[in-house]
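Report on one structure; see the data block that follows.
To keep things simple, chains are lettered A, B, C and D as they appear, and every chain counts its residues starting from 1.
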Amino acid sequence: MDLTLLEGLAKGNLTPGTYDYYAGGADDELTLADNVAAWQRMRLRPRVLRDVSDVDTATTVLGTPVSMPVLVAPTAYHKLAHPEGEIATARAAAGADTLMIASTLATTSLEDIAASIAAPRWFQLYVHRDQGMTESLIERAVGAGYEAIVLTVDLAVLGHRPRDERNAFSIEGHEMANLQTGTPDSEGSGLAAYADSAIDPGLTFEHIEWISSLSGLPVLVKGIVRGDDASAAVDAGAAGIMVSNHGGRQLDTCLATADALEEVAAAVAGRAEVYVDGGVRRGTDVVKALALGARAVLVGRPILWGLAVDGASGVADVLEFFRAATVRAMALCGASSVDEVDRSLVA
Amino acid sequence: MDLTLLEGLAKGNLTPGTYDYYAGGADDELTLADNVAAWQRMRLRPRVLRDVSDVDTATTVLGTPVSMPVLVAPTAYHKLAHPEGEIATARAAAGADTLMIASTLATTSLEDIAASIAAPRWFQLYVHRDQGMTESLIERAVGAGYEAIVLTVDLAVLGHRPRDERNAFSIEGHEMANLQTGTPDSEGSGLAAYADSAIDPGLTFEHIEWISSLSGLPVLVKGIVRGDDASAAVDAGAAGIMVSNHGGRQLDTCLATADALEEVAAAVAGRAEVYVDGGVRRGTDVVKALALGARAVLVGRPILWGLAVDGASGVADVLEFFRAATVRAMALCGASSVDEVDRSLVA
Amino acid sequence: MDLTLLEGLAKGNLTPGTYDYYAGGADDELTLADNVAAWQRMRLRPRVLRDVSDVDTATTVLGTPVSMPVLVAPTAYHKLAHPEGEIATARAAAGADTLMIASTLATTSLEDIAASIAAPRWFQLYVHRDQGMTESLIERAVGAGYEAIVLTVDLAVLGHRPRDERNAFSIEGHEMANLQTGTPDSEGSGLAAYADSAIDPGLTFEHIEWISSLSGLPVLVKGIVRGDDASAAVDAGAAGIMVSNHGGRQLDTCLATADALEEVAAAVAGRAEVYVDGGVRRGTDVVKALALGARAVLVGRPILWGLAVDGASGVADVLEFFRAATVRAMALCGASSVDEVDRSLVA
Amino acid sequence: MDLTLLEGLAKGNLTPGTYDYYAGGADDELTLADNVAAWQRMRLRPRVLRDVSDVDTATTVLGTPVSMPVLVAPTAYHKLAHPEGEIATARAAAGADTLMIASTLATTSLEDIAASIAAPRWFQLYVHRDQGMTESLIERAVGAGYEAIVLTVDLAVLGHRPRDERNAFSIEGHEMANLQTGTPDSEGSGLAAYADSAIDPGLTFEHIEWISSLSGLPVLVKGIVRGDDASAAVDAGAAGIMVSNHGGRQLDTCLATADALEEVAAAVAGRAEVYVDGGVRRGTDVVKALALGARAVLVGRPILWGLAVDGASGVADVLEFFRAATVRAMALCGASSVDEVDRSLVA
C-alpha cells in the first residue's frame, strides 16, 4: 500500500471534477500543502530498548472503544467515488473496529448508513439557515443511533476553491440524500451556491449547548485552530475539539493543524477530548498527533482514494495501512500502548 | 477571477517592454518576490463561532468613507495598458466606492482624472528639483479637488531595473501629462533618465510640513519601512504612513512590506494612519495587513492587469475580486467588521 | 574520488533490487535525506594560523588504536555487492588500520571474516527471539576474537521500506551465513519476513548487562538518538553509544543523527564513548561529528559503493578518501590532532 | 552591466578548465553558494527623507584614499583570462581610484605590475615552506612600492576542488611569474601539487609580527571568520582583518563571510580595520558589509569576468558597475557618505 500510488489509481477512476473536488484546497492551496508538510517537518525522538512485543493501538473516543486512534473523517459525496458510497465506507470502518463520521453532505441518507452497520457512528452537522432543517437533521441522527454530533464550525462561508470554480463542479446525477434538496444550479461551483444559500453564517458558541440539549448527545466542535476558541467551546459545552482547517479547503494560509494542535490541547487541558485532522498520511503522523495531545486523528482524502479504487475493500485496505503503520511507528518509538506516547517523542 | 490568469491575459495585451515595466523589480527582484511571499508565509489563526451573517468591509481613510480597506495604489502610465488610461481606473475605483491615488507620472492630467469622477481622490507627488514644478503640481492638485497628498519618499534615485534597461523602456507615443515635458531620450531606460534629471534627491522631513502648508491637505508619506522613520515623519506632520518599498522596484533586498508593517504601526502608535502596499494578492493578505496595524492596503499591479485586459470593467473586476475575497477572509476569521480584525489573527 | 560518481558506478554493478536495498530508506525517505542535509546545514568556524604541518588523525576506540576516527559501519549482505563480500571489506578496513563492524546479517560467517584479518574487529548483534541463537552468536563472536559487541536496538520491528516492498527484495542465491536459516520466502520484502519472525521485539536495557556478562566484552548500543536513552544505556552497562537511526531505514522523520549527537554526548558526559553514523560523506562531516562529541563516525553506504565497484580495492579507496578528507578538513580547521577539534568549530 | 550575463560572456572567452578554476569551489560548493546567498538573505531597512543629493563613496583603507569601499581582491593567473593579465587589472583599478591587491600567484611579476601604475597597491602573500622565497617575496614587494602585505592564512593545505581535479587544471603555457618555478606536473590539479609542496602549513600568529618587521609594512590577515582568531591576529600585530573563506574554495560548509563579519568586527572593536570578501555582487551587498562593520569589500570573480571579456576596459566596467550600484544603494538607504551607513540598515 502506497498512498501516493493509490491516489493516482483513484484519479483514474474519478471524473476530473470529482478528483479536483476531493484533492483541492482554497486559493493557492498553501494550507493544503502545509498540512502534510507540518507533520513531515516534525522530528521524532524515538525511545529504544522498551519491550514492544505486544503493541496495542486500542483506545476509546468519548468512551467508545476503537481499535486504533484513527477515525474516518466526515467527507462529502461518497457515491461520486463509488456506487456503494457511504455504505461501503461505513462497513469498512466498522470492519476495522473504528468509527466513521457521516457527513451532512452524504449521498446516502444517515438512516441508510446507520442501517448498514452495527458499529458506533457519529454524525457531522452543518447548521443550516433553516432551523427546522437543522433540528430535523439532529433528530434524525438521534433516531438513527448516532452517538455524537460533530459540529463543523469553519464553514461560515464556503472557501474559494479555484479548481471547483474552474470545473463548475457539481454532483450532477447524485443527491445530497440527507437534505431533500436538488442539486443547485450554478455557473460556478454548485457547492458554493448551496453553501451560500443554505448554511448558517450566524453560528456561535451558543449553538453547542442548543445542539447538545436538543440531541442529548455529546457535541464535538470541528474546525478550531486556536487555544482560546477551544477553551471557549469547552466552556460552552463541547465534549470534544477537533483541530481542523477543513483540509485546507476553507481559509488558505490558515495554520497547519499539526502546528495548532499543541496550543489547543494545552488550552483544553483535559476538560474535553482533542482530535486532529489534516495531512495525516503516515503512522508517524498518528504518533506525533498523540504526542501533541490528540486522542485520535481523522483521515479524509486517503479514505476516498481507497473507496474510489475498490469500494469497501479499498477503504479497508487504507484503514489496515494506517493500523499497521501506527503499530510500526509505536514499536519503533518504544510505545506499547497509546498511553506510552508522550510529548517527548516529538522534537 | 484568478489573478495569475489575469496577469497572463494582460501580458498578451501589452508590449513586452510595458509588461516588464509593470511586472519587474530592482536588481535580482528578490524583494519583488518577497513582498508576495511574506504575506504567504504568515499563518492565520482564524476565530470561529462568531456570527458573520453580515460582514461589513467599510472603513474610512483619513475620514473619507470607503467601501473596503483596499485602495488603488498610484502607478504610472495607465495609457500604456489601455487607451482610456487613468480615467478608466478612476471610474472603476469610484464605482467600487474606493479611492484611487493618481500618480504624478500619469498619462492623463490630474485635472482630467478629477473631472472624470465625483469620488474622493488623492494625489501622489514626486518632488522635483524644479521647485516651481512641484509647487505647481501641488496647487493644481488642490485646485482639482484632491483631498490628500501622497508623498513618495523612496525614489531619491531610480532603482536599477534590469528589465527596463534591457528593453530600453520608454513611453514612446505617450506623455507624462502632468509634467509638460517630452519623453526623455535615452539609450537605456527613459524613466531612469527622467528620474535622475528631474526628481529631487534632496527630499527631507522638512518637505512634509512645506507640502502640508502649501496645500492645506493632509500628507501621507509613502515609502517607509522603519519605525523610527515613520515616527519622525509623523512628528514632521504626516497624517499617514504608507509602508512601501515601491513594489520591489527601488532597493532590492529591502524588507518585505508585510514584515515591516508591525514595527511601523507600533512606532506610529495611533498618531497617524498606517497603510501598506506590496504583494497584496488575496483577501487573506488584506486581513493580515489589518491585523498588523494597517488601516488599508494599496493594490498596484493587479489593477494594471485588469486595466490591460478590459479597461474600466477589468479594473472593476479586480476590485470586486478583492472585495469578495476580503469579505470571505473576514468571515472565515470570525470578523464582521474591520474593527474585529485584531493582532491575534496572525500567528 | 567522488562519492556521487562512485555511487553511480556501483549502481551499474548491482541489481536494481540490491541497489535500492542499499540506497533506500523508510517511508518517504525524509530522514534518509536529512541525515546528509543535517551535516551540510552545519557551518564550520575554522581556526587559522595554527601549525598544521603534521595532522594526525589517529585515535582509539574503546582503547583500540585506529588510524582515523572513521570506522566501517555494520551493513548486511556484502556478497550482493561483490563475490568476495565481507572478507573484501574486512581486509580493506584492516589495511587502512581501522575497524570493521561485522553484521549479524553478513553473507560470510563471522568466523570466516575473523580468519581473513589479523586486525581488531567488532561484531554487530541482533538479538533473536530464539535465545539460543543469540547466545550462540555471542559465543561464536567471542570465540572468533571479536573485541566488542555492537548491539543494534532500533530494529524492534523492521521499518517500512517502499523500495524493498516494491522490488520484493530478497537475497536469493546468497545466505545469511551466521544464521543457518534459509532465505525467507515472501511476496514482499524477504528481509521484512525474516525480521518479523526472528528478531526480538522484546529487547530492553537489561539485555545490555546480559550480553556483557555472557560475552565478557564491552557492549556498544547502536540506534539511540535521545540523551535520556543514552544515559540509561550507560547506566545499564553500555561502554559506548552509537547515535544512529539505522541510516534512515527504520523510522522516517526520526531526528537526523547530526542533530541528535550533541544531546546524546551531553547526557553521556564522558561515562562512555559516543559514536555517530548516518549521512557522513565528507571530511568536514567527520570534523563536525568530533566537534559535537563523537569519538568516531561510522560509514556505511559509501563502503558498499566502493565494494560494488572494485571489491577490497574499492573499499580501500573509499577509506583513503575519508582519511585524506579528514586530514584536509582538520588542517583547514587548525586542528593537528583529534583532541584539537572542539565544540567551537561548529556554529 | 549585468554580472550574470558578463559571466556568461567570460565563460565563452575562457577554456573550460580556466572557467571552472575561477568559478568553482570546494567539495559540494555549498559555501560558494552560501557566500552569495547570505548577502541576499539579509534584508535592508532603508532610511528615507535624507538629503542624498551628493552621495560620496570615498573612504580610506589603512589611510590610503580610495574612491569607493570596493577593492580588487587578490586572484591568481590573470593571463589565463586576458593576454594583458594583471597589468590590465591594475590599470583599471588605478583608473577607478581604487586599490588592487596583487597575488603571489600572479602571471605577471609584482615588479611589472607595480611599474604599470602610479597608484597605491597591496601585495598578497603566501608564506612558503622555503623561508628564503618568502623573504624574497616580501623584500621585492617592499622594493616595488607595495604599501601593505595581505597575508593569506586559510590555505594551510589546498581545498578539495572537484572541478580542478576532474579537469586536471593547470596553467600550461603560463608561469607563476613571482616564483621562478615551472608549472607543476600532476595528473590531478597542478595547483594542488604546487600548494602541497610549496606553501607552508606551519603558518602561525607569530608570522604576522615577522612579516611586519621584515617589511616595515602593515599586515592584513586574510582568511578569518571567527572573532577570537581576529582578536588574536590583532594582538599579534595585524593592521587589518579580512573576513574571507577564500571564495568558498577551501573549506566547504565554512560559515558564509556575510554571516561571520559582525562577530569579527565586534571582536576587533576598532583596533584594526575589517574587510570582507565572498559573494559581493551588488551595491546593496557593499552597504550591508559596511553596516556590519567592514571598511571595504573585496571583489574577486566579477573582476575576472570583466578581464576575460574586455581586458582593462572590462575590469573598468565592473568597477564602474560597483561604484554606481554603491552610490544608488547608499542613496536609497539615505546615506550620503560611508560614515552614515550604520548597523540599523540591516535587519
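What we mean here is this: a contact is a pair of C-beta atoms (placed from the backbone, for glycine too) under 8 Å apart; a residue touches a chain by one contact, two chains touch by 3 or more.
Not measured: the values here are computed from a predicted model.
Interface of subunit B with subunit D: the two copies contact each other largely through different residue positions, with under half of all numbers used appearing on both sides. Superposing subunit A on subunit B by their CA atoms means rotating through 90 degrees, a value rounded to the nearest 5. Compared with subunit A, the chain whose C-alpha mean position is the greatest distance off is D. Distance between subunit C and subunit D, defined via averaged C-alpha coordinates, is recorded as 42 Å.
Look at where the CA atoms of subunit A average out and do the same for subunit D: the two points lie 60 Å apart. Shared contact sites, meaning residues of subunit D that touch two or more other chains, are absent. Because contacts link each chain to exactly two others and close back on themselves, their graph is best described as a ring. Remark: the chains found to touch one another pair up as A-B, A-C, B-D, C-D. Of all residues in subunit B, only 27-28, 30, 34, 153-154, 156-157, 159-160, 162, 166, 200-205, 207-208, 221, 223-226, 228-229, 232-233, 245, 250-256, 259-260 touch subunit D in the complex they form. Note for the complex: subunit A touches subunit C at residues 2, 39-40, 42-53, 282, 284, 288, 325, 327-329, 331-334, 344, 347.
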